[in-house]
Each structure stands twice: as C-alpha cells, then as structure tokens.
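I am attaching a structure below and will ask some questions about it afterwards.
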Amino acid sequence: MPPSVSVFGSAGFTGALAARLVLRHPSLELRAVTARSDVGRRLDDLYPHHRVSLELEELDLDRHADVDAAIVAYPHGAAAPLVAQLRERGVRVVDLSADFRLHDPNVYGQWYRSHEAPDLLGEAVYGLPELYREQLRGAGLVANPGCYPTASLLALAPLARAGLIEDVIIDAKSGVSGAGRAATDKTHFVTVDENLNAYGVPRHRHIPEIEQELAALGANVMITFIPHLVPLDQGELVSCYVTPSSVADLGSLEALYEDAYGGESFVELASRPPGVRDVRETNICRISVHRDERAGRLIVFAAIDNLWKGAASQAVQNLNLMLGLPEDEGIGPTVSAVREAVR
Amino acid sequence: MPPSVSVFGSAGFTGALAARLVLRHPSLELRAVTARSDVGRRLDDLYPHHRVSLELEELDLDRHADVDAAIVAYPHGAAAPLVAQLRERGVRVVDLSADFRLHDPNVYGQWYRSHEAPDLLGEAVYGLPELYREQLRGAGLVANPGCYPTASLLALAPLARAGLIEDVIIDAKSGVSGAGRAATDKTHFVTVDENLNAYGVPRHRHIPEIEQELAALGANVMITFIPHLVPLDQGELVSCYVTPSSVADLGSLEALYEDAYGGESFVELASRPPGVRDVRETNICRISVHRDERAGRLIVFAAIDNLWKGAASQAVQNLNLMLGLPEDEGIGPTVSAVREAVR
Amino acid sequence: MPPSVSVFGSAGFTGALAARLVLRHPSLELRAVTARSDVGRRLDDLYPHHRVSLELEELDLDRHADVDAAIVAYPHGAAAPLVAQLRERGVRVVDLSADFRLHDPNVYGQWYRSHEAPDLLGEAVYGLPELYREQLRGAGLVANPGCYPTASLLALAPLARAGLIEDVIIDAKSGVSGAGRAATDKTHFVTVDENLNAYGVPRHRHIPEIEQELAALGANVMITFIPHLVPLDQGELVSCYVTPSSVADLGSLEALYEDAYGGESFVELASRPPGVRDVRETNICRISVHRDERAGRLIVFAAIDNLWKGAASQAVQNLNLMLGLPEDEGIGPTVSAVREAVR
Amino acid sequence: MPPSVSVFGSAGFTGALAARLVLRHPSLELRAVTARSDVGRRLDDLYPHHRVSLELEELDLDRHADVDAAIVAYPHGAAAPLVAQLRERGVRVVDLSADFRLHDPNVYGQWYRSHEAPDLLGEAVYGLPELYREQLRGAGLVANPGCYPTASLLALAPLARAGLIEDVIIDAKSGVSGAGRAATDKTHFVTVDENLNAYGVPRHRHIPEIEQELAALGANVMITFIPHLVPLDQGELVSCYVTPSSVADLGSLEALYEDAYGGESFVELASRPPGVRDVRETNICRISVHRDERAGRLIVFAAIDNLWKGAASQAVQNLNLMLGLPEDEGIGPTVSAVREAVR
C-alpha cells in the first residue's frame, strides 16, 4: 500500500501544487486537502489546471493526520503549532514555512516572531537535497527551503565549500506567484504588468536563512540580498556577484560545479546565463558561472521555478527521500543524461 | 521661424519616437524623416501610435541637411560618417549612437571598432544635461548617452562627486524595446514572455561609457555591469550596489541627493524603490537611495524609460539646450513642484 | 479665472486619471480630490506616474462642491445621491457611473437596482460627443458612457443611422484596468497572466446601454454582447459582427464612415484592423470596417483605451463642451490632419 | 521493441514539442529530428525547456525514414512531397500541415496553392480523434487538424450533429506561438505586448477546413471566422455564436455535450467560460455552452493549448491510435475521473 499523504493549507499556490504533485505521484496516495479559507470548494474549481477533484476541508486532525506523511503549507508562525501536533502523532512532515529553517530560535525571533515550537528545531533537517541528502533519508521533520535560498545556495555552494567567497551580493528577481495568492494592491495585474521594482529593501527575511547555510558550507559572510518583482507568473533568477578570496580561472570554476552537480538529477549546468523559462514547471535549477576578469569578480546565475523547486516539487523530492522512494519520482523531468558542458 | 530639424534613421524605435517628439514640439519644426529601411512607407503606418504622417525618405543630404539641427539614430559605426557630413554643413547634431560618447578613440576601438571620425571627438559634449548642462548650451555636437549609462550615472553621480564610491556593481534590467526593432529569436514574443535572463555577460559595451563618466566625477573604479532582459516593452531599472569608502548615514546620503537633484526638472527622488511604470513615457529618472547597515553597503535604484530619458526625449532635452529653448519644452511632464521627500 | 473642478472618487483608476488630466489641463483648475478609501494618502503615492501631488480628502461638500464643475467617479448606485447634491448646489457634473446613462429608471432597475435620483434622468445628456455634441454644450449633467458602449457605438453608429443593422453580435475584449482597482482573485496577476476568458456571460450590464443608443440611432435590435478579459492593462477592442439589412459594397461603407467621422478629432479610420496599442493613453477611437463577402456579413472593429476614451479623457472632452472650451483641450493628441484613407 | 518515430521539421515550435513528447513517450522511440534550418544545433540549445539532447539533422530519407512512423511539421506546400516519399516507403505519417486536411484539391487550390500529392488525399484521415477515432486506428496517413479547427469543431460538433446550427460566427483568439517561430515585425515582443488585434480579415485559411467538417457533421453553413492575436504565448480560445435552427433549453444542450464528451479523456466540460490557462501544456479541450435568451443565440467557448491539442500532442494522440497504443499514453493529464457537471 502506498504511503498516504495529507496536504494542509491547499488553498494557496504552493499547497495546491503540492496536492497535484502528490495526487499524480505513482507511489503516494493523496488522502486529504485542508484549507483555512475556501473550505467546501473543490480544488479544481479554484485551480482548474491542477485537476485535483477534491474538496477543501476544514482541519480535523483526527481524520487528516491519520497518514504517513504531511505537507504543511501554512504561513510563517501558523505552521509551527500544526507541525508540532502532527509530529506528536508520528506523522512525517515537510513544512513549507520558515518556521523550522533557522536553527537558532533567537535569530528566528529577530526576523520573524517568537518561536512557538523551539523544541522541534533540533530534529528539523534543512530540505535542500543537494546539500543534505543523507540527513533527509528517513527524516521526520523537514524544513523546506525558501525559494530564494534554494536558488542562492545551489548557485553558491560549490564556491562556499571551496572557500572562495569573501563577499557576495545577491540580486534576485521573482515572478508574482512568489507573493502568494493574497489579492492586494501589490499583486493586482495593473500594478505588476509593465513594471519592475525592488522590494523588501534592505532586510528581506530570507537573508538569515541564506547566511546560516553559507556558514555551514564554510562561508561566514554578511550578504546583501535584494529581491525584485518581475511581470511573469512563475520563475526566479538569482544573480550572485562574488568577490573571490583568491583568483580562480574559469576552467577550475567549471570543474568545481561539475564535481558538485555532475550527478544531480535536478541541477543543470549551462554555459550561457539561464532563463526562467528554461525551468518553468520543473524541479530543475539551471546554473551558469562566469568570471568578470576586469573587475575580478565571479558571477553565478541560478534559475528555478519558485513554485516548483522553490517550494512544492522540492517538498515532494524531500518526501521521496524521507519515505525511501526514488528521489525523482513524480517530479520529472530530470536533467538530461547528455549534459551540456559548462561554457 | 522655429528651428528646423530632420531625424535621420526614423524607422527604428528611438528615431521614430524622436520624430514624434519633434513634430509635437511647440518650438521646433520637423522637416524630414529618413530611414535605411522601409523607405516610402508612412511613419504612422509603421508606428500608428506616434501619429507622424510623414513618409520615410531615402537619405538626400542636399534636401535633408538644410536644417538647423538633426537627430541621428543610426547604429554604432554607421552614425559617425553621417554626423561628420552634417557637421561640415553646419548642422547641429544630437547623435544617439555610441560613436561620440567615448573621448578616447582607442577605448572606442577596443569595445566597438575603428573610429571613423576621431577628429570630431573633441567637440562632442556628453549629453547628460544633469551633469553637463552648461557645455550643452549652444553645443554643435552632442553624444546622447546610452540608456544604461543614463540611469547608472544619475544614480551614482552624487556619491561619485562626494568621493564615496570605492567599488560598485550594477545589476541592470531592461524591457525589450532596448534591443531595438530587429526581429530575431531574441526579440520574438515567445522567447521573452514569461522569461528573464542576463545577457552580454560579462563585457557589455556600456561599461567603458559608465567608467569614463564616473572617473570624470571622481570615482576611478572598474565596475561590474550585468544587464538582464525582462518581459516588458519600455522601462529600465538599475540596482547599484556600492561599497562606500567611508561610513555615511542615511540622512547625509539623502541630503547629497537633494542637493544634486532638488532643482532638476527630470530627476525625481523617492523614499521607496522606484518602479519602471512610474516613469513610463516620461523623461524622468526616479531614484531612491538606501543603506544596508548589516553589510555596510549603499544601494541606489534608478528607473527610466529606456526609449525616452534613455534615448529620444533626452535627445530633445539636449536639442532644447543646444538651441536656447526652455530645457523642458516638448518633453513634459516634469517632476512635480511638490517633491516627495527622500525617505 | 479658469473654471474650478473637483474630482470625487479619485482613489480608483478612472478618478485618478481624471484628476491628472484636469491638473494638467491648460484651462481648468483642479481644486480637490476626494476618496472613499485611502483618505490622507497623497495621490502620487498611490499612482506615482500621474504625478498629482494632492492629498485624498474625505468628502466635505461645503469645501469640495464650491466649484464650477465636478467629475464623479463613484460606483454605480453610490454616484446618484452625490450627483443630486452637486446639482442642487449648481455644480455641473460629469458622472462616470451608469446611474444616468439609461433614460428609463425601470430598465436601470432591471439591470442594476432601484434608482435613487430618477428626477435627474431628464436632464442628463449621454456623453458621447460624436453623437450628442450639441446637447453637451452647456449641459449641467452628463452621463459618461461605459467603455464598451463607447467603442461599440462609435463602431456601429454609421451603420445604424443608415438603417443597415438587422442584427449584431459584439465580441469585446478588455485589459484588466477595466475591472477596477479592487484587488480580487480575478485581478490577481497570476490569474490573468497568460490567460484569456469570457466573463459576464450572457447578461453584461452594458447591454441595455448599447441597445438604448442603437435604438436612438434607428437600430432596434437585441444584441449579443460578450466581453473577454485579456492580459494587458489598458485597452479595449470590440469586434462587431453585423448582419446587414441590405447589401452594401465596401466603397459605400467606407464613405458612410468617412462622412460620419471625417471631421472628428478623436475618431481615426484605418484600413487594417486596429490594435489597442495604437490608441493607448489617447482619447482616440480607431475603427476599421470590413465585408465578409462569403457569409454576407459586415465586420467593424473599434479600439480605445478603456481608461481614457472609455472613461476619464472622454469625461474631460465632455467637460470641455459643457464649459465652452475647445473640445480637444488637454486631451491630445488628436487624429492627425493627414488621415489614413479607409482601406 | 517500441515503434520508432522520426520528427521532420523539428526546428519550429510544433515540431520541437512533438520531438519532446515522443522522446518521453513510454512506448515510442525517438529516432531522429530533422530540420530545414539550424542543422547541426542541438535541440536543447534552441529549446532548453524541452530537454531533447539530439542534434537537428539535414533530411536524409535513407536514414530518417527507416522508422515505423513519422511526424511531419513542415509548412503547407512543403509537406506534401515529403509525406508522399514517406508513404512510398511504408512509413505511417501524421502531417501537421494543411496539405491533407481538405478532401477536395480544388478547394485546397483556392485557399492555398496547387496540390502536389492529390493522390494521397483519399487515404488521409482527418485527425480529430473525438470525431474520427475508428478511422484513425491503424491509419497510414493522418492530417492533423489546424489549431482553430480543433477548438471550433470540438465546440460545435454536438450542435452540428443535432441539426441545431443555422448560422455561426467564430471569434477566435490565439497566443503568439500560433504564428510560429519566424521572427518578424508581427512576432516582435514590442509589437504584441500590451496589444490586441484581429488579423487575416476576412478570409483566414482555416475557414474551408472548419466548413468541410461541419458539413460532414450535418451543418452546411458559411461561417464567419475572425482570429485575433493576444499577448500570451500558448493558448487559444474560440467564442462561437450560434443562431440555432430551433429553440433548445440549456438542460438539453448540456445533455448533448455530456453525451458527446462524457467518455472522452481530453474534452472537459465546464459550467463557466474556460480560460486558456486551464489547459496550458495539456491535450485537453475545455468547453462551456451557454444560452443568450434575450437574443435567442447559443454561445459555446472552447479553450485549448494551440501547440498541444492544437498541434503536437494531438499528433501523438493520433500516433497512439495509428499504432494501437493506449490513446492517452504520453500526453497526460487526462480529464479527471470526477467530472465537473455542465452548469
């Protein structure tokens, strides 16, 4: 019998996509979809293109938590208490919020609010499979990374591990789905269309998450991170400007990335700057690395689909690892066998 | 009798817009529009929204150069010989190409090709009125700045003059009209729509122009400059990441910008990051300055319409200065009298 | 002293644009902008590109109604009581709602709700200057047409007057600004982007308005009218499919349109189907007429900017007529003197 | 051993997508991709998101025609000779051009040009599986329908069969990918963005194809068909306005459609007007039917992805039938088991 999964918080963009991916997953059974709004509506009424013919239900742990695993797509703060209840019942959890990404509850407190389940921080594994694959196998609680950290860390990990990052600026650009389903002045079509602007300047909440993981990789840096909103729906690009701690020629850089990602199913190396269209509706992160010889800098680009690798499909990738399933099941395509050489 | 103006190279985006602006200008007379393609077609057939009911003519200097002033919208390299002929006939010229922007023909040669009219470099004035207003009054040859340099230099000039720039990275984003009218795979709707990518990495031709002018302002730096293509038609945003040479609090920074631009008709200071929609179809550059206290960096954003302040309306602003007309005539709106305070 | 104008309901898209047009109008004085939300915010904070540095005020008739004329941009139903109060104080009013467009309060009641100021219906003039210019001169109350009726009636009026319309289907397409500023699931960028669908099927409220005016022109028909939402911000296209009551060759049709509109400043005849980009940010309606010889039908296309000719700039055109000012003042450009021949 | 397939003409949008679908198809083997341009380039260099790591080859029938089946994605006129050669070699062919859609070579001649392989017209089956499923099983030559005819015929077939169509007007709207990969003024981003216009007025080449098939279903009508270009990449909507030959209540209409499509895997009935986003990147056609009681008309909407159901995935659906494979293999998702009731 396939493992059963409930998706909590399915009325939002990432929860709805997670429900679709679980429903179509050959080795998982979608048990229920719950929501905090739109209860009673069919998911395929809200999101026809997902074709999930289930009704959004009000949370009822007795019924909905009787599963092997759960994906929680609640907002920051609201997630922790639900995750705690699910863990008490022995349910494996992938949490899409920020609540279990930061190891230090004080740091969490500075950027978010007082943490409501600090006891669980110890068991939470940071859900970036390319960095923490072994810890994720069989894990009980996984903190699914933020979309910007996913792209940024995959872009920078090889340099961080090699001790090459002295300093880094990340100029990030995201489509509007990253802002979530809430209808506001900021997500109104007329505000976004033919527009382009930075937001969250200069203290975006993804900063401590990126810094924590860069430090774990060996790069203790204070980053500058500035996100921009771009008129497209799904897609995210990070442009990373690295001041290297020592000179590295392009060949060695490419070798670093090939070593790091040559065997990965969901990281694709490219010689030209990636476009977000290249990875739309996939779990793939596409990366290119470049040298600015004149100014002595390295530039790394990484493109993902913020709803997929930046959220829902990465959650399923994590579920696969937690449940002992093939890592790429249900979230194809993978990177082609014949890989395009870097440069 | 109002000064007469011909626009050479009106089949392209910037030349066509220049023709429209001259036609509607209360103190200029549009004499002729020439083109290297589409000769014989009416300009309002090619660009209905400009409503310029003139036929595109093949170049005939005897007829077309019998004017007081000219706007030349030819590609780089093709512009210099025409400009030389026009200057010989005593016509004042605003040149939209890169041919007269770089003072040093050797630098031009490294980034473009061998220069065809180096003798004229000495008389060419760099057409950024906010920096060179006095030299532009009555000038005979004006090199209209590139779109990226316009936004970048207006963003950075106050810091450069104050000696505050130790290092700078410019992450630029532009709409597709910046790529010009040529129909290619890169400008095809299906390539650009729902896409986002860097291009010209890492040696874009606007680099030497920006460095030359920053140096003139006192900042001798090697910049990293990376442009990105964004799915919108008109609009350009530069995000400038400055490592300051000394600590500056936000209040002093704002005062610097207020001093520099408080009296300018076409520079608008804002407390929040500007959007390109804020300046669409205007000659206005909208700027905000920020401090990233954690990382010790300054961040400056500047938004322009790449076809207007980045090309055609700035050309008319320059024409106004060259011909002794009010600087803002024919290219309104100007920045509102009641200015929004910085922060 | 120029006539003074207040704009009531300036927080929405059409009211804000109306405020901008009045502010820049050479012969009008913008006295105040009021709103029912966002009171206390500056208009150029909400809409930077309009550059109207006025604060949105709460309605205070004693202060705001002491003007020569008013533009009311309230929702249907809410407008009538305010208009009544303004008329009592002798203020000339252009009302952008539907409240005074339908002559018969019973018809209004069927499509909207019970009418709150039926006594004023008698004095209201339907504000389509190309049809009712003489009645609009000096009028006290003008009902500004809906955006779809504006385009549809300008498209069909020559045929209606000539008795050529036996039957008509109008397939309309509009950009998202037509849905107003309210942030909802339907105006969320992610809903609209890369999407396209009909709405309001089959009973859109603009139907009785179009039928009333077609009847006044001589065509008593029950129309089918279906609007569609298109992923762009400003622009509206109506495709009108007419079953003619008698055979008409294309030459006669073109002559009909030339007779009707040859002298109009804001109607432009084209030989090819118009695009909404051709009229963006103008008060111009661009029209082309075609014959489908095989099926024996006439097809007329009309494109407008729904916020301009479909609302705010047409309101100013009406104000100009009401106040005895030149009809095209402050809302240029007009149709070029050299007109493109039909076909 | 799985059937082998070559795709001829893979440099274009539909041929490239066909190659991707065949490559990922569990029961097909992609043998080769040929092209008439870009020979020698890798397909995943041209279209990274398809992830087909094959080189585009110049046509060499000895090598490329040694397959069980072929998809031909050549332009009209160029396809017929290649199809004839493939059929001579015994290869089953799905042809995406118009060359074998019209049964009568004279009609083809009037709308296209002189036909180059009229002998094959007799064996060609019109590849709309929902209408011709039995004839398609085991067929040797299939004429894949045009995108507009696919949507229009699926929308109208139940009414045509029931003898309900007296007259019909089809107002169609398509994304830009329908115009193909050729880079022209018309497909330039700046032309299409924020624009919307009709084209091909009033004689679009899809008219005879739609009329031929409507007649085969029992409706001998001269249609008016007008396509429009909309600023999105993939997606097509037809709005069909039907004058019914007799009165039909909505319940009977819904029953007609339920009877026709209740068992179909790729036709989805909806109560509300479908959006093209609902079917993006699927082989599904989503349909809704409505009555305009006032005007006595029926309105049917059908949405498809023009590159998928309108071309490449429908070609694979046809291949599946020709080769005896499950009809829906390799082109999921199918319509959900729990179908949304009409209205």
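Assorted remarks:
In order of appearance the chains are A, B, C and D, and numbering begins at 1 in each one.
Here is the rule we go by: a residue touches a chain if its C-beta (ideal position, glycine included) is under 8 Å from a C-beta of that chain, and two chains touch if they have at least 3 such contacts.
As the structure is a computational prediction, the values presented were derived from the model and not from experiment.
Looking for a copy of the C-D interface in A-D, B-C or A-B, one arrives at A-B, which has over half of the same contact pairs by residue number. Farthest chain from chain D, judged by C-alpha centroids: B. With centres set at the average Cα position, the gap from chain A to chain D is 36 Å. The geometric centre of chain B is 46 Å away from that of chain D, both derived from CA atoms. With centres taken as mean Cα positions, chain B sits 39 Å from chain A. Among the residues of chain A, those in touch with two or more other chains are 191, 193-194, 231-233, 274-275, 277, 280. For chain A in complex with chain C, the residues that touch the partner chain are 13, 176-177, 181, 183-185, 187-194, 231-233.
Of all the residues in chain D, the ones that touch chain A in their complex are 24, 42, 44-45, 48-49, 51-53, 193-194, 270, 274-275, 277-282, 286, 333, 335-338, 340. On the chain C side of its complex with chain D, the touching residues are 169, 171, 173, 175, 191, 193-199, 201-203, 207, 222-224, 226, 228, 230-235, 237, 239, 241, 273-277, 280, 290-297, 299, 301, 303.
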